[in-house]
Structure formats: structure tokens, C-alpha cells
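Paired with chain B in one complex and with chain C in the other, chain A is shared by the two complexes that follow.
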Partner chain A sequence: MIRTLTGLIIVLILGAVAAAVVPEMQMREELQGVGYSYASRGMDDTGSSNLVTAVIVAYRGLDTLGEVVVLFCASTAVVLILTLYPIGMKASEPSRVVAFTAKVLPAPILLFGVYFIAHSHISPGGGFPGGTVIASVFLLVMLGSSSVPDGKGRLSAIESLAGLSFGLLGFWGIMTVGQFLNNAFLGTGTPGTLVSGGLIPLISIAIGAKVASEFSGVFKAFRNTGGTV
Partner chain B sequence: MTVIVVTLGGMMVAAAIAVLFVRDLLSAIIITGFVSLSASVMFLLMDAPDVAITEASIGAVLATMIFLWGRGKIGEDR
Partner chain C sequence: MSTAFYWSIAGTAAGLVLVGLWGVLTRKHILRIALAFTLADTGANLLLVWSGYLPGRTAPIVDGTFPASGIASAVVDPLPQAMVLTSIVIGVAVAALFVVVGVLASRRTGSADVRRMKELRW
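This part shows the complex of A and B:
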């Protein structure tokens, strides 16, 4: 009861804060400052017709690298704790509905995830959501079988390789034009085509592989009773 | 447009408050997932498809699944 009341009070306080702040918010008709610069020059600078990805991967690529490191630390901690203290949840036999779904749906969902990653510079999507979609395929397959798959360390290998290639792509810029994570030294191509956007597609693939393997590792650790990820 | 946003927002607030009061942990998890899914639709209505995709895949699917497994691990005794 006290817990419920505490939660309710927190919700009310947050609601009061939101009610006080939201009316003060003004929708600007025009972009200003950095936002204007990104929106007006983004497509020419990066060759990416999806400006969100252009900002995340090209303009603020260093922040994304930091974000990837944070995600790596978090997933490592989760996997470590769950490996050290396995709670040993038994994987029960899936029902017929779940087993059938886990046979039919993975292929289209996997394709969808790959599409998100490969078209991150053209249409909405990107490495992070694409990676999580692929990880959900792993989850679905795992739900459809009563045994825990043995990764034999391959997930960790993919994760490390993807992280490493993100860094190496950054250093490629240093070697060629003297700027870390420079996006445009390969040429940016025609915006809207598959081969465009400079390094954005390559970095998206690296991020997607990393996120997918990390989340898959976390899911596996949740089901695991020991062994390598 | 405004009608949809207000309706959806109202449902989200009602669901978020309901999470506090349901007895059953499973119901609470499912309602949390519903709030995430509504948030994703809201982002889509506000022309932010990138955020909507991320919210739908992480907030509505992966987080709900991790909650469900956590519930499976701690059992029903809260």
C-alpha cells in the first residue's frame, strides 16, 4: 500500500512538473543554430537523405561511439552477473502456437532488420533499431525451442569485431584526411541511392551487428545456466 | 489528428496509473508494454519515425520480454 502511494505521489509530482513546463514550450516555425545548419547542409555534407542518421552517425559519430561503449559495458555487466549467479530457469516446452510462430516469422523479421540497417541513410531506421530487431529474431527462435543454443563464443566474437571495425573506420579517416570518423573521404554519392552517404552505411552495419549480438547475449544469459555466450 | 493524440495520451496516462494498482505482476508488465507501444504510435504521429521504430523494438518488445523473464526468475511472490 505504501509502495503504491509512493508511486502515485511520484507520478503526481512528475505530472505537475510536466503541466508546468509543457504550456511554456513554444513550437518554433524555423530551425535555428545547429539544427538549421544540419537541416540545410546535411544532405550535401553527408550524402544521407535521412538526416537523423546523418546527425547520429556522421556529425555526432563520436557520441555514438561513446554510446556503443556504454552499451558494451552495460551488457557485459548483465551477462557477467547472470553467468556468475545463474538462476537456472528451465526452458519449458513451447506451446504449438509459439513453436509454429518461431518457425514462420524469423525470416521476414530478419529481413526487416537487415533492411533497417542497410537503408539507414535512406529511410527511417538505423543501426540501433535494426540490431534490436535482429536480436528479437534470436529471442523468437529461442522461445520456440526448449534447449538453449550454444553460441561457442561466436556472439562475443561478432560483438568484438563489430566494435573494433567501428573504431577502425574512424581511424581510416585519420589515415586519409587527418580527421577521426570523417564521413566524406570516400565520396558521398547521390543521396537516396543505396551506395551513398560515405561511411554511414558501413558504420550502421557495425552498430547493427554489435547491438544485435549484445542483446542476443543478454537474452541468452537470461536463459543460460552457465557456459559461454 | 489532435483527437487521436489526446485519446491516445489519455489512454497512456490511465494505463500508467493502472500499473500501480493491479495486483498481478504479469498484468503490470503487459500494461507497461502497452504504454510503450502507445508512445511509439505517438512518436509516429509526431513525424518521428526513427524514434518510433526504436521505441517499438526496445521499449515494447525487448524491455517487456526482459521484465517477463525477470518475473519468471523471481516467481510470483513479488
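This part shows the complex of A and C:
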């Protein structure tokens, strides 16, 4: 009772704050500041016709590197905890529907994920969503079989290689033009074509591989019955 | 997009944050608290995307439907969308950690009821 009342009071106070603050955020008619700069120069600067990807991978590539590190820390913590204290979800015999789906769907979903990553600079998508789509294939295959796959450390190897290549791509910029994660030193190509956007496609592939292997490792850890990730 | 729809998005976003907060404060099952937390997370993300909206504009992807010289007057703000992508990924990481710690704590106490997790009290 006290719990409900306290919750109600706090939510009401914050609701009043939101009701006062949010209407102040008037609809803008024109882009301003950084947003204007990104929108007007983004395509010429980076060669990426997807401006969101241009911001994430090129303009704020260092932030994205930090984000990848945060994700790495969280997934490592999850896998570590689940390895030390296995929750031992028994891999039961999958139903016929799941087993059939796990045979039919992986190929198209995998293709979709790879497309998502490879086309991140010209259409909606990117390394993070694409990597998650690929990890969902791993989850589907795992749910469709009664045994847990033993990765023999390959997932960790892919993850480490992907993270390393992200950093090395950044250092490539230092070696050539003296700027970490410089995007344009290879040339940016014609925006809208597959080979364009400077380093963006390469970094997207690295991010995609890293996210896919990390999430796959987390999924596997939830079914931990021993064996290396 | 009409003004009513524009403000209803803001209302939905603020509502999701409040409902999530309500759930975190009042629920007892630890997985429900985790779910409520992700609801609040979604609300915050929606509010960020909403703040980058400009009337009558399209997604920030140059696809030939508008002249490349007038990009800045044809697309919505790409910056909040990029920020939200970061926010979503961090949200997933936090939620995964939340669930794992929650499952462990419930194994330890034999119950998913947070009132029984006396070790977590302060």
C-alpha cells in the first residue's frame, strides 16, 4: 500500500514536470546548428547518402567505438556471470513448428542481415541492427535443436577480430592523414553506389560482426551447459 | 503529419516513461521490473526521435526524390536518430545485465519477489 502510494506520488510529480516541459519543445520549421551542418554537408563530406550512418560512423565514429566498448563490457559481464553460475536451462526437444522454421528461415534472415550491414551507407540499416539480425539466426538455430552448439572459441575469435579491425581502421587514418577514424582518405566514391562512403562500409562490417558474435555469445551463455563460447 | 498527431507522439513517449517508472517502483516480480525498465527506455528513445521531427520532411537518406543541393531543407534532423541508435544499443546491454542479475538473485533467494531479496536492501 505504502509502496503503491509512494510510486503514485513520484509518478504524478514527474508527470507534472513532463506536462510542463514537453509542450515547450515547439515544432521547428528549419534545421539548426549541428543538425543543419550534418544534413547540408554530410553527403559531400562522407560520400554516404544515409545521413544517420554518416553521423554514427564518420562524424561521431569515436563515440561509436566507445559504444562498442560499452556493449563489449556488458556482454562480457553477462557471459562471465552465466559461466560462473550456470542457470542451466535444459535444452528441451523443440516442437515441430520451431524445428521446421529453424530449417527454412535462417538463410533468408542471414541474407537480410548481411544486406542490412553492407548497404548501411545507402539505405536504412547499419552494423548494429544488421548484427542483431544475424544473431537472431543463431538464436533460431539454437532453439531448433536440442543440443547446444560448441563454438570452440570461434565466436570469441570473431568478436576480438572485429573489435581489433575497428581500431586498426581508425589507426589507418592516423598513418595516412594524421586523423583517427578519418573517413575520406580512400576517396568517398559516388554517393548511392555500393562502393562509396569511404571507410563507412568497412567499419559497418566490423561493427556487424562484433554485434552478431557478442549477442550470439550471450544467447549461448543463457543455455550454458559447459564448453567455450 | 497533423499537429494533433505530432503531440500525441510526445504524449505517448512521456506516458511510456511514466508507466515504466510506475512499474519499476511498484512491481514485485524482478522480471516485470526489468520489463518496466525497458518500457521507460523506449519512451525516452521515442521522445528523442520526436524532438528531431520537422513538418513535411522525409527520412535523412538522400535517395533522389529531392535535389541533392537542398538536402538541409528536405530531411528531418539526423542527429537525434543517430543518438537514439546509441541509446537503444546501450539499453539492450543494460537490460541483458539486468535480467541475468535478476535470474541469479531469484535463484539465490528461491523467489523472484524483490521483497524477499534482503541482501539487496540498504
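FYI, the second predicted complex is superposed on the first by the 211 of 229 C-alpha atoms of A that agree within 3 Å, B and C clash if a C-alpha of one lies under 4 Å from a C-alpha of the other, contacts with A are read in each partner's own complex, and residues count from 1 in each chain.
Here is the rule we go by: contacts are C-beta pairs under 8 Å (C-beta built on N, C-alpha and C of every residue); 3 or more make two chains touch, one makes a residue touch a chain.
Values in this document were obtained by computation on a predicted structure and should not be read as measured data.
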{"item": "Chain B versus chain C as contact partner of A:S165, first or second or both or neither", "value": "neither"}
{"item": "Which of chain B and chain C A:V34 touches, first, second, both or neither", "value": "second"}
{"item": "Which of chain B and chain C A:I81 touches, first, second, both or neither", "value": "second"}
{"item": "When both partners are placed on the shared chain, which of chain B and chain C touches more of chain A", "value": "C"}
{"item": "Partner chain in contact with A:D63 - chain B first, chain C second, else both or neither", "value": "second"}
{"item": "Contacts of A:V52 with chain B and chain C, given as first, second, both or neither", "value": "both"}
{"item": "Which of chain B and chain C A:A135 touches, first, second, both or neither", "value": "first"}
{"item": "Which of chain B and chain C A:G126 touches, first, second, both or neither", "value": "both"}
{"item": "Which of chain B and chain C A:F116 touches, first, second, both or neither", "value": "first"}
{"item": "A:S216 touches, of chain B and chain C: first, second, both or neither?", "value": "neither"}
{"item": "Contact residues common to both interfaces of chain A (with chain B and with chain C)", "value": "4, 7-8, 11, 50, 52, 87, 124, 126, 128, 218"}
{"item": "Chain B residues touching chain A - in the complex, by the definition given at the top", "value": "16-17, 20-21, 49-50, 52-54, 57-58, 61-62, 65-66, 69, 72-73"}
{"item": "Contacting residues of chain A [partner chain C, same complex]", "value": "3-4, 6-8, 10-11, 14-15, 18-19, 22-23, 25, 27-31, 34-36, 38-40, 42-43, 49-52, 54-56, 60, 63-64, 67, 70-71, 73-75, 77-78, 81-82, 85, 87, 122-124, 126, 128, 191-192, 211, 218"}
{"item": "Residue ranges of chain C in contact with chain A within the complex", "value": "3, 6-7, 10, 14, 17-18, 21-22, 25-26, 47, 51-55, 59-64, 68, 71-73, 75, 77-79, 81-82, 85-86, 88-90, 92-94, 96-97, 100-101, 103-104, 107"}
{"item": "Residues of chain A touching chain B in the complex", "value": "4, 7-8, 11, 50, 52-53, 87, 89, 116, 124-126, 128-129, 132-133, 135-136, 139, 215, 218-219, 222-223"}
